[in-house]
Amino acid sequence: MILQIDQVVKQFGGIAAVNGVSFKVGKQEIVGIIGPNGAGKTTLFNLISGALPVTSGSIRFKGEEITNQKAHLICQKGIGRTFQVVKPFGNISVLENVKIGAFNRIQKSREATEYAEYVLEKVALIHRRDSVAKSLTIADKKRLEVAKALATQPELLLLDEVMAGLNPGEIHEIIPLIGSLAKDGLTLVIIEHIMEVIMQLSQRIVVIHHGEKIAEGSPTEVTSNPKVIEAYLGEAVSFA
Amino acid sequence: MKRAVTKSTLLWLLVLLIALLIPVVVENKFYMHTLILILFYAAVSGSWNILAGYAGQLSLGHAIFFGLGAYTSTLLFMNGGVSPWIGMCAALALCMLVGACIGYPCFRLKGPFFTLATLAFSEVIRLVASFWKELTNGAVGLNIPFQAGFSNLMFRGKEPYYYIALGVLCLVIAVTYWIDRSKMGAYLIAIRENEEAADALGIPITRYKLYAVLISSGLAGITGVFYAQYILFIEPEAMFNVNFSVQVALISIIGGMGTVAGPVLGAVLMIPLNELLRSAFSGLNGLNFFLYGIVLILVVSFIPNGILPTLRGWLSKKRANRHSQLTQAIPGTQKGGGQVDSAN
Amino acid sequence: MTQFAQVVISGILVGGIYALISMGLNLILGVVRIINFAHGEFLMIAMYISFLLYSTWGLDPYVSAPIVALALFVFGWLVHRVIIQPILDTSATVKIFATLGLSITLQNFALMMWNADYRTVQTAYQTTVIRMGEVAVSVPRLIAFLVAVLISLGLFLFLKYTLTGKAIRAVAMEKRAAALAGIPVKRIYLLAFGIGSGLVGLAGSLLMPIYYVFPTVGTLFVLTAFVVVVLGGMGSMFGAFLGGLLIGLVEALAGVWISPGLKEAVYFAIFILVLLFRPSGLFSLGKGSEEVGLK
């Protein structure tokens, strides 16, 4: 098990955004996390990546307790993440953005540059390497977000809605990228709203609703689960 | 990429060569004084640039370290006969210590509130320096007795001061250049641009901010020692002056914050203008600062990144356009394709 | 004991003026989300206008106060329109240094126009005092305080009960939602900047009979105002009012108990401590501190 989440709770004021969620992620697995808006998916990512402290529960990475550790330490241990609302370093070039990620494992500037170029090739953003990050299209900004996280050389990558806001053409371009990351030996946990995509990519799916896990299983198991269907009723989401 | 590095190194060396030769040609005392001021302001502003331009911590308390440096070496010299050269080392150490003590609690504050806190620290230190008469001689200030000699860091002519100021500036530039090219610079810029994203990429934010303030305040302390030895008179009102901090900031802002050459360019443009205005309109007190203010508003409103990055951005846009045209024209010829795989 | 009462009273009276200046600053901060580093220079300009009206036409500062306040309202409106509005969506650096640039410009404009001399007005009531037992209260200070209290009260009522006031508060709370509700946010910004500047104009008029005007007079008061705003909580009018009185008191007491030379150092020290440990303000009334970067 690369990631073990055990009875994790996060309260804001009196409201539990995440309420006793537990699940495990195996090495080189692709796990999808779905749930209606406001279900607590992003909060869960923030807890795993150390951006927010948990109220209770424990999170283990490769058997090591990482609960409530600082975000930068968790990244150094090998968990990378992207942000749902992209956070590029706006005033510097795409290459420099990715290079900053690369410095997580690499000390020398030239080697970091080379590795950043390699990552940019991989996410097909190399043609924009000298562009200022804030000038990118939203699709390219999402790619940059992935590239930055990837450059830190994580073992586990948390992808938070990297396809939200993209058009169908752009989505179909980015799916193979995610598939190729898995082939490289990365473990992936993906939050995604677009069902078609997550069903296609994930081996296993965790469904969260009102901060609680209501189902877990293969894509087909989950979609036929009555609880899941109930949770999604009223939300206009189509199961493709 | 490599060629660009050598090109800029060559340019720096050329500028240095010219700077070394200037005193051979220039005899006029007023010009020499102006040149020394350019070097001095470029150095102070360069030290501010490390904390503000790279790490994005907009301090208006930089005068604290400048003043502290000046008082450290001066008091050591006047009370203990310690050579200002040694005083310079003491100033460096003390300023780093004070910088860390002020920086550490203030780094929690963001944007204008960090700025306000540094401003308040600066005022507290000025008031304490004026009040602590036993140590600083209060608002009256300290006259440093003139005893020419290398070990006293005092000279009759202007040339030695010129070369020392040049040396200090070279030190500041070298340090900035090193930061700019290294992991440190990349991390400081990441912190400036977005702390949350920087955190997620494994950057220990507080530690890197501390590095920045240590370097920045230490270098500012050295410039303070130089100033005291050049002017031979220091007083709290002049040394811990918020307007001085603003002026130092302005120079970097105009030239370009977060670049190595920005502060130098800013000083080269603003200091002669300042001196010129002051001598041309000596009857009209305040005209130079009046224009300073207007320039500051115009620069931040219209070219907020400063002159150098604006020029550079314009150039790289042209290059990026050309590059994307090239790769579009010849598909599959994108250079540098995946031959490096350091993942394994 | 008498001396203590004397100090407390004069401290609180001066605090009234601090309150006016700080409420102006805080209104701008709360609504427009910008710290106006030139706020002190607005005060200085107001004092010069008051002084000029006196020296040219012999207008008493109290008589000319509405004119000065109106002039500053227009001035603030223009400054917002010309300088602030175009940079609202930019980085903190730009905002800090644009208003700082304005501060330098105005200060040195005054230096060029009127040189560095200290100027003041001569009025019949300048040195008049009322004796209450053994405590002497200076009349112009008392007037300044009473007017400050009245204006603050008027401002509270305006913000609380008028439609425009409610719109201002709505924009301060949540700009986007206010815009969606049909409130003209840009106009409200202009208005808030104008009112904030008008308040400082009034403060200038009230200050003129008891103080001097000189080009850098603003720096003294603006730093105090920053302290007050942080003490009282960012964006909180009531907090700014209380904070103003408190700082007046602290300053007066520190001047007696510690040393006149260090009284400013004392409140700057308080300022730093509050900023570091209680960024939401002493009275916890401040809202919007997250917006401006304090968690």
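Note that the chains take the letters A, B and C in the order they are written out, and that residue 1 is the start of every chain.
Everything below uses one rule, namely that a contact is a pair of C-beta atoms (placed from the backbone, for glycine too) under 8 Å apart; a residue touches a chain by one contact, two chains touch by 3 or more.
As the structure is a prediction and not an experimental result, all values here were calculated from the model.
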item: Farthest chain relative to chain C (centres taken as mean CA coordinates); value: A
item: Chain pair with the higher count of C-beta pairs in contact (A-B, B-C); value: B-C
item: Chain at the geometric heart of the assembly (C-alpha centres); value: B
item: Between chain A and chain C, centroid-to-centroid distance (C-alpha), Å; value: 48
item: Whole-Å separation of chain centres (CA-atom averages), chain B against chain C; value: 33
item: Mean-CA-position distance for chain B and chain A (Å); value: 40
item: Chain C-facing residues of chain B, complex; value: 56, 58, 60, 105-106, 108-117, 119-121, 123-124, 127-128, 130-131, 242-243, 246, 249-250, 253, 257, 284-290, 292-297, 300-301, 304
item: Parts of chain A lying in touch with chain B, wherever the complex brings them together; value: 49, 51, 70-73, 75-76, 80-81, 83, 87-93, 96, 99-101, 103-104, 106-107, 109, 111-115, 117-118, 121-122, 126-128, 130-132, 148-149, 152-153, 184
item: Residue ranges of chain C in contact with chain B within the complex; value: 35, 83, 86-87, 90-98, 100-112, 115-116, 215, 219, 223, 226-227, 230, 259, 261-262, 264-265, 268-269, 271-272, 275-276, 279, 292-295
item: Residues on chain B engaged by chain A in the complex (per definition of touch); value: 1, 181-183, 186-187, 189-190, 193-194, 196-205, 305, 313, 316, 319-320, 323-324, 327, 334, 336-338, 340-343
